[in-house]
């Protein structure tokens, strides 16, 4: 049996479940006194399961968003979309596997799709750099944005990255330049753009393909200016305070809906999307399709104008006398 | 004394000149019989100089176009243009020194300038890869084309390359893609484009920045689909037949004016532009300025249309019944 | 000549018929067969037809000629060639080793074509397109005035009739026997592609073995979607030129389709058997735009 | 406060006045001096002013604050600040180690600024522009709601009044204390740059030490011409983050202006003494277009 991946906050529950399993392996007819205990433990588990998954902290959700079994962009492409044609390359340097680009159809809508792509296992994760794009990944994304724009295809983006890769070659090839150009390009596309936060939304590398006319987030996805660990190690000089900082950063779907940044939240099965992926795929299909239907036929000038107004209105300031 | 670079066809002349110099170093008062000989040799030199530089073959001109002392793009930038601001980089990979890009002013016309850049010595030539661009050079050129287009600056290009670099990295980074994109972009610029052949015009790497609304060529510049050496080694299996092939290829300014590809020829001082660079700079300034004046104020749609017609009309075909 | 007649005539010339002699140690029956240039194994004609001229042993894609390509992609009976009679002349009076006119003549005789590219109207998966294919047998499908002219007309006609363009490329590069007239075809064809792009009409190119030099560096690669056949050699400079320049051997697979995919230059390497379906799906997206399927 | 008053007040705080003690072995007179952080040598205030705060020994460019930058670039008396009172609040109630409100307060006190960027109308070489400069002393000139808003308004005002934009950047990145409100300023500011670009109005950015993270990866680098001061540190990820990720030391000069020039990211590295003339010449080209000079 493969060892199950256990998230920090699940540990008490998992330990209790292990105990129950152990008890159940015993011959209860030989140990009738245990029958009651099994029942008790089972009840405890039920209660604990409910409380464990009921009131998740920001940090708990960060862990769910990073769960190795959580559905990835390619799972959505396979399950939510049909007639998928993956497109490759930036036409200048390489094909960054940390970004997936495709033409695809969702519920009858022909669209272009961009997503961050993590792997399912170590080999895949190395090839895909754990979903952390290099500049050529963003340049591939830009190529597909221009293609979508040219042919009037709405764009659907799937956000799931710890962030743009912080490495020597990424800096050499202009990581900041690629992200900035992508932001400017995306802001001006004359086709509908629906962004969906499916997992991690790490900083500029997420944002580069991570906004549009609608921003939909899964309940346990996060979207943040900085990873809680990095923030904690800067402000507290202690990455261990990530849990505390995660709450401060207001990075959950609910927090961001409260700030007016996220439009819709898709609720997940108890414990996270990986528990019942089909349920989540169905919900994503439905919400994305609705958003596309609502945006279909919009005047391109109006789309660009309203997307601009959306962005333009974000921020809280005070106007002093100076 | 630096050894003078001698072109093949100059050799008899140079040998005679050397003999004269030797004679002149002798004490003529002690050797009165030599006085007459000196005079004879001097006369012979005059005659030979005239015939050597009068009727140059295509291959002779190829050698002049490659002469190390021939004025280079940067010499034109310094002598023909004022207020030069060099711009660097493709914003994605590197800054290819084999292409020079600048904002500059010629006779009162504010323009963008692109040129192939060879070095004046070995060190410079290594840095500039002997004027053979990599893809990032063409991508830098495209960036400047877009800048010129955006701000209504006419484009002046200075053609002087053996060709795009044939190397592993150049292929890896999409040499063909960069050239093709440059051709498409250049064909559609909504500003006047004046191309000037100042030296070598080697194939696709020259063409990538080497056509426009006017094509002006120096008398001894060449422009060719393939280098005569490469052509000879393919067709004759003998690079030594380059001289013969150079004529067949119709690659001189005069040949190309005859084919309707070149609009104007700027004549060079006897022996080549390197003999009297200032004279050439003056002529280039005057011709480029006239061309810019003639094109100034043209309707951008009309510019693009007429440039298209120019290109569209090139080629000689027969229409059979199929 | 109809396509099917052309096919028959062409195939008849192409097959090797065994006359008594057999390949050593193999069980070759009397009949028609070819040797795979990649794995050197023998492939029977029946198999080759069934596998669209892909080696059933190693997957090597045999070169196709222009009409074979068109037959593969066009909906049945939909192809209508235009400009079949456009051919290059010898504007420079070019003679090196042999006269250019001789090369043209023998190419015409051998291929049955007037020039190195075939273009026409067709439908692909029901989409009206201009479909073109280059034919390497015609002086290496090098681009001179006529190839450039036919490509330019193909894009102009697509623009006029609001069709997509689908081109299968194969070329040794520019046709040097036409000098600068040939080089300028690169700018001319690229300019026509740009005009199609401005009209937002789709252009899909399929790079096949080999596509080199001035064709790669002009109309072949500035498509909306660039596909490549497995194992095709595609690049700007030829491998021998590069080896001479850098004085070292090239790595295995250099300039192959798969190499180009890895370096971000093509969208997909598509096995021949899936090509028509793939192009059709792409046209579904690009030629119809984003309205509901 | 006028710029000159501001300058005086600022300078008064900044200089170290020697009180009896002298640097060992040097001939430092009583007076005002600084130590160059690059060559560690002592530089007298008179020299620093004369050399525009560039070390006369080694050429190291001392950091400038926002008004010093503006004083360097704007034609005399031409700068007219707007939105000086726009400041960030604490929308998230952010407390980590210390409350964000405290950081804001102390930054305001120390710098005399309300936020990390100063923007206004000005002329540069006679060209009407919107001129802005970031001030690293203000929480590392990190971009929160207020910096984003001021940058966005700067571009919008330039668009309305058909002015060019000239920005001197310096920033540690996004202001994490404002969470996603801060990250979204990257998209917001980039969108305003795009609108200016569509109107074909020029934007020149000057990257100064240090410009990192979310500011580099948004409005700082999508300019028509990108200049950088010598030796400035400019990049996306911070050097320490990269070292931790790749578990190796970074090469010398990594992420410097000169490194960026070599890698094609900036147009020119311009010494401070030539900056105003260079920006003026660029505006001559871009703000006036191609008509005759």
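Which chain is which? They are A, B, C and D, in the order written, and residues in each are numbered from 1.
Rule of thumb we're sticking to: contacts are C-beta pairs under 8 Å (C-beta built on N, C-alpha and C of every residue); 3 or more make two chains touch, one makes a residue touch a chain.
All of these numbers come straight from a predicted model, not from anything done at the bench.
Between chain B and chain D, the least number of touch steps comes to 1. Counting C-beta pairs in contact across A-C and across A-D gives the higher total for A-D. Note: centroid distance chain C to chain D, computed from Cα atoms, is 55 Å. Put simply, the C-alpha centre of chain A and that of chain C have 43 angstrom between them. In terms of their C-alpha centroids, the spacing between chain A and chain D amounts to 34 Å. Residues of chain A in contact with at least two other chains: 91-93, 173-174, 177, 181. Contact of a single residue of chain C with at least two other chains is seen at positions 197, 263-265. For chain C in complex with chain A, the residues that touch the partner chain are 197, 200, 202, 224-225, 261-268, 278, 281-282, 284-286, 288-293. Those residues of chain A whose C-beta lies close enough to touch chain B in the complex are 91-93, 135, 139, 173-174, 177-178, 181. Chain contact summary for the complex, chain D toward chain A: residues 81, 83-89, 91-92, 94-97, 114, 144-146, 148-149, 152, 174-176, 178-188, 190-195, 197-198, 213-214, 216-222, 234-238, 241-242, 245-246, 250-251, 254-255, 259, 263-265.
By the touch criterion stated above, chain A contacts chain D in their complex at residues 164-168, 170-177, 179-181, 183-188, 203-204, 207, 211, 223-226, 230-232, 234-236, 241, 244-245, 248-251, 255-256, 259, 261, 307-308, 311-312, 314-322.
Within the complex formed with chain D, the chain B residues making contact are 83, 85-96, 103, 105, 108-111, 136, 140, 147-148, 150-154, 191, 296.
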